[in-house]
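Have a look at these structures, which come just after this line.
In the two assemblies presented below, chain A is common to both, partnered first by chain B and then by chain C.
On to the complex of A and B.
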């Protein structure tokens, strides 16, 4: 027996090096961090209350008092922008986690048991798949009403098919692996094999999907709020702020009011897409 | 059932449904496994050796089913259990798997879950079957890894499968199988994927484990050398049937069935001259889904007789449990 120490080569560490070497992904990460820090620590970066309105200072140009100026009822735009990030991010991230959870669980069950269970779940997913997601969301918002919690639930309910497909196809191929047989031969139960042994092997693509769908849901929220079906108007979100651009007067005369949230959305989505692509290069090099 | 017999298969028949066809993978297989001995099951690819073993612990794919016969097992506690009557993947059979009958697979590279530390994979089996704490489990795993010749077992416990070589992984697989101290170890071509020097180590290791724990082993292989090296008794299978069964000396030194003879002749021997041609068995194995009359081996048999074409040979037992399915020996030994 040798006493020589061997260096541990951790797969995680190797992956991290690969990620750090990817410039675009690092740019994405920086953008993400900036957006998240600004939103989470919003009170540190502004002394204004995003809901406080003062009708005497409507549509002010950017100044030292109001960094980005004020909106149609005199609320501070910068404050609304960074506080709005909170809701946009919560909706995006929570919806992405929700869809992934539903997708992962159904994908595992479907792929592992196969047969009739699989057929039923796949049929249901195909029903969801055959409608444009935004249309389904609009119908459901019509039933459930506006509100950010509703929005998260509706996004999760309609968006799970993508995660589901990824996990199901991975599980289908993992099912034929010898280590699954070996688990069975050791008397380990089906649920344990499914969620403790097969699921962790699918997590790479699931995490990639999670980041990329966060971007998608932030955009969806903005789109819905823009047409007035998203979050209630009094809550600041990026979508609600862009909503102001529906007025032609604003569109022509006060560009800062809609350009600022537009840039915020673009930067965040760009950041998370770069980040997600970087993750994909690491976890899913086959793509 | 005799006290020293741990496993008894009687007229076991396993079929696979492939589309509309029915494939007879295992046909009327009977044998007994004596406690503490090694039984070899040998035959060419697709002859049903693995399916026989998988049938024992109901580890068949979804389209496979046991249609006839029985598998009787004597547990550690001495109870007789009828394994073929258990529900597939039910709780009863799961308690047998791993704890009473364990299995190691052909490809150690693919037999370990790549995302878990090897130690916790071995411990998982232990925690599944015994009520002990994680700390105790770890201690036992480390001890076993040490016994199985893995250096620095306490450190290696926290390594991932990709940090192990093939031979080491097979040691880990043996550890996984042996951690609950099972009564029977089914080794499904345990050395096929390993190079020769490692093969010898692994076989020796299994031998030591058997001596220490009194485990009975079913060794499935197509390698005659491994059979000769490790087994006490041997069953030669062809097309889902055991065509010859006997003690290792009987089958190797006094083989009766033309298939066994042909198989032994086709083993390459070290020092075989360059000019000499290695014997092979003519023809190919027939399709297992076809219905056939007479002896399955008849089309490829050099000593085929008229009767072989129409009548299926029954089992003829010669001296000392040396049994053979061949018309040549019916009505007394020759």
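On to the complex of A and C.
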């Protein structure tokens, strides 16, 4: 019995235990799962079409038919909330993957080759770094126009610095390791060494960064859609739903319309932050 | 040391130059005839082709890209920022109206955030691993998770509409010009603006404070029999403050970015709401000038960070010779 236990105590298993013992991280995981399941399986949880409007039932109070009531043109709020989660999540996750990809590739190239290539990329990243991402995005939206595809592209182009910095510093230190010399001695090409042998060693922090940046993008999308510069107005996202609160009548008399999506965003981002912090504790105990 | 600062200051110039070129080229990429961006459409419709061609020549639109950039940047140096497309007003005047409003908002937000961020971080550190510490840390995570504008809307609903304690938006009422009349309009937006900043500062202050409290000189201070308050504040907090000063300035651009959202939520007539308005109306001259101004502010902040870090940590300015600027 005791032998069996010893055998199973691999690093992955210990990490798993550490994570499970972190109550906030578990709470975050539960929040995330609830939000994701509700959005992905939205048709299961509501029979209403989020786009269907019935002008005779504007601003209805919550009832058994409409769980959260209806909005300004008589659309079911609960349906919009969970369908809206889909777009908010897609934008958040796709942008996080996009930034990570750019960051990882540039980080690998920069760290591995060093020299002038490194200097140029670092110089560019410093300019990006000194600008708050929200401002860069805002200005680019001004040039490229609003829309969810544009948003994903712009988020990816402006947010890569964090992943880049992590990967670059990691690659810089890995470059001195013996296994890299061994690879070179065996005649393995630079690209293969970078992406097949060195990159896997940097993935822990990259995944943590990917998780946490999803939260940032969901927040940015919401903020941009709220001020009317994000996703097209007809697509239900949480930010677009809160946009209704710009009308004073809605803000004052129909708080459910904007408080519900606000709570949805808050819970989701809170979930990611708790979960991500837990992940970081496991992957990167030094921090 | 002055040589180091001088080099750092000079290094800002190529950065600013590159940014101005990017902004200028960005404008060229925007589809549409540039003349329609410089002349109001109703006036353009009245003119015949000959007049348009003449105007084009007069405005220098037939010049090369290089010449046009020179003219644009030259005008800016002369203090001529051009005209807004949507209101047709001089951008100089618009900015002169709106910049003080934003500075006021950001300054008070910074004041709020610094006081509360340092205070909470300090309490959290000296009460480490107590319920107070845990609840403050959790509150900090909530502070960065809930969207700022959502906080803003909730505050308007609660303090403005339900309790009627504070105005729901704007900058001043009729005949309320004095600062003390305006302050009630600033309370909500500046506090909401500061929330994210408070959470960040709190985390850094806690970390820095814990770092310092583990040092030997704290043990020495304690063993001399100094009171706990004396040790915590005079020996601990003062030293913990040094890295925090750098963080306060380093995060300043994020406070500026926050004003864009907060000013929109509270209908506050500052640079941020102007930028949003200009972007939605594709009022490009305003967007370009604002972007350039923001870039200047941010680069100056980064210069200040360098200066402060060098003043506080001799290793940085001595190491700089090897790295170059």
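Convention: the second predicted complex is superposed on the first by the 277 of 287 C-alpha atoms of A that agree within 3 Å, B and C clash if a C-alpha of one lies under 4 Å from a C-alpha of the other, contacts with A are read in each partner's own complex, and residues count from 1 in each chain.
Methods note: a residue touches a chain if its C-beta (ideal position, glycine included) is under 8 Å from a C-beta of that chain, and two chains touch if they have at least 3 such contacts.
What you see is a predicted model, and the numbers here were worked out from it, not measured in a lab.
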Simultaneous placement of chain C and chain B on chain A, clash or fit: fit
Which superposed partner A:273 touches (first chain B, second chain C, both, neither): second
Touching partner for A:12 - first (chain B), second (chain C), both, neither: neither
Partner chain in contact with A:177 - chain B first, chain C second, else both or neither: first
Greater chain A contact set [chain C / chain B]: C
Partner chain in contact with A:249 - chain B first, chain C second, else both or neither: neither
Where the C-alpha centre of chain A sits as vertex, the angle toward chain B and chain C in the overlay (nearest 10 degrees): 100
Contacts of A:258 with chain B and chain C, given as first, second, both or neither: second
Touched partner set for A:185, first chain B, second chain C, both or neither: first
Contacts of A:197 with chain B and chain C, given as first, second, both or neither: first
Smallest separation of CA atoms, chain C relative to chain B, angstrom: 9
Complex interface listing, chain A residues touching chain C: 24, 127, 130-132, 134-135, 138-139, 141-143, 215, 219, 222-223, 226-229, 242, 245, 248, 251-252, 255, 258-259, 262, 265-266, 269-270, 273-274, 277
Touching residues on chain A, where the partner in the complex is chain B: 1-2, 8-9, 11, 114-115, 177-179, 181-190, 197, 200-201
Touching residues (chain side chain B, partner chain A) in the complex: 57, 59, 62, 89, 93-99, 102-103, 105-107, 110-116, 124-125, 128-129, 151-152, 159-160, 162-163, 173, 176-177
Chain C residues within the chain A interface of the complex: 15, 18-19, 26, 29-30, 138, 141-142, 144-150, 153-154, 156-157, 161, 168, 253-254, 256-257, 260-261, 264-265, 275-276, 278-280, 282, 284, 287, 291, 294-295, 298-299, 301-302
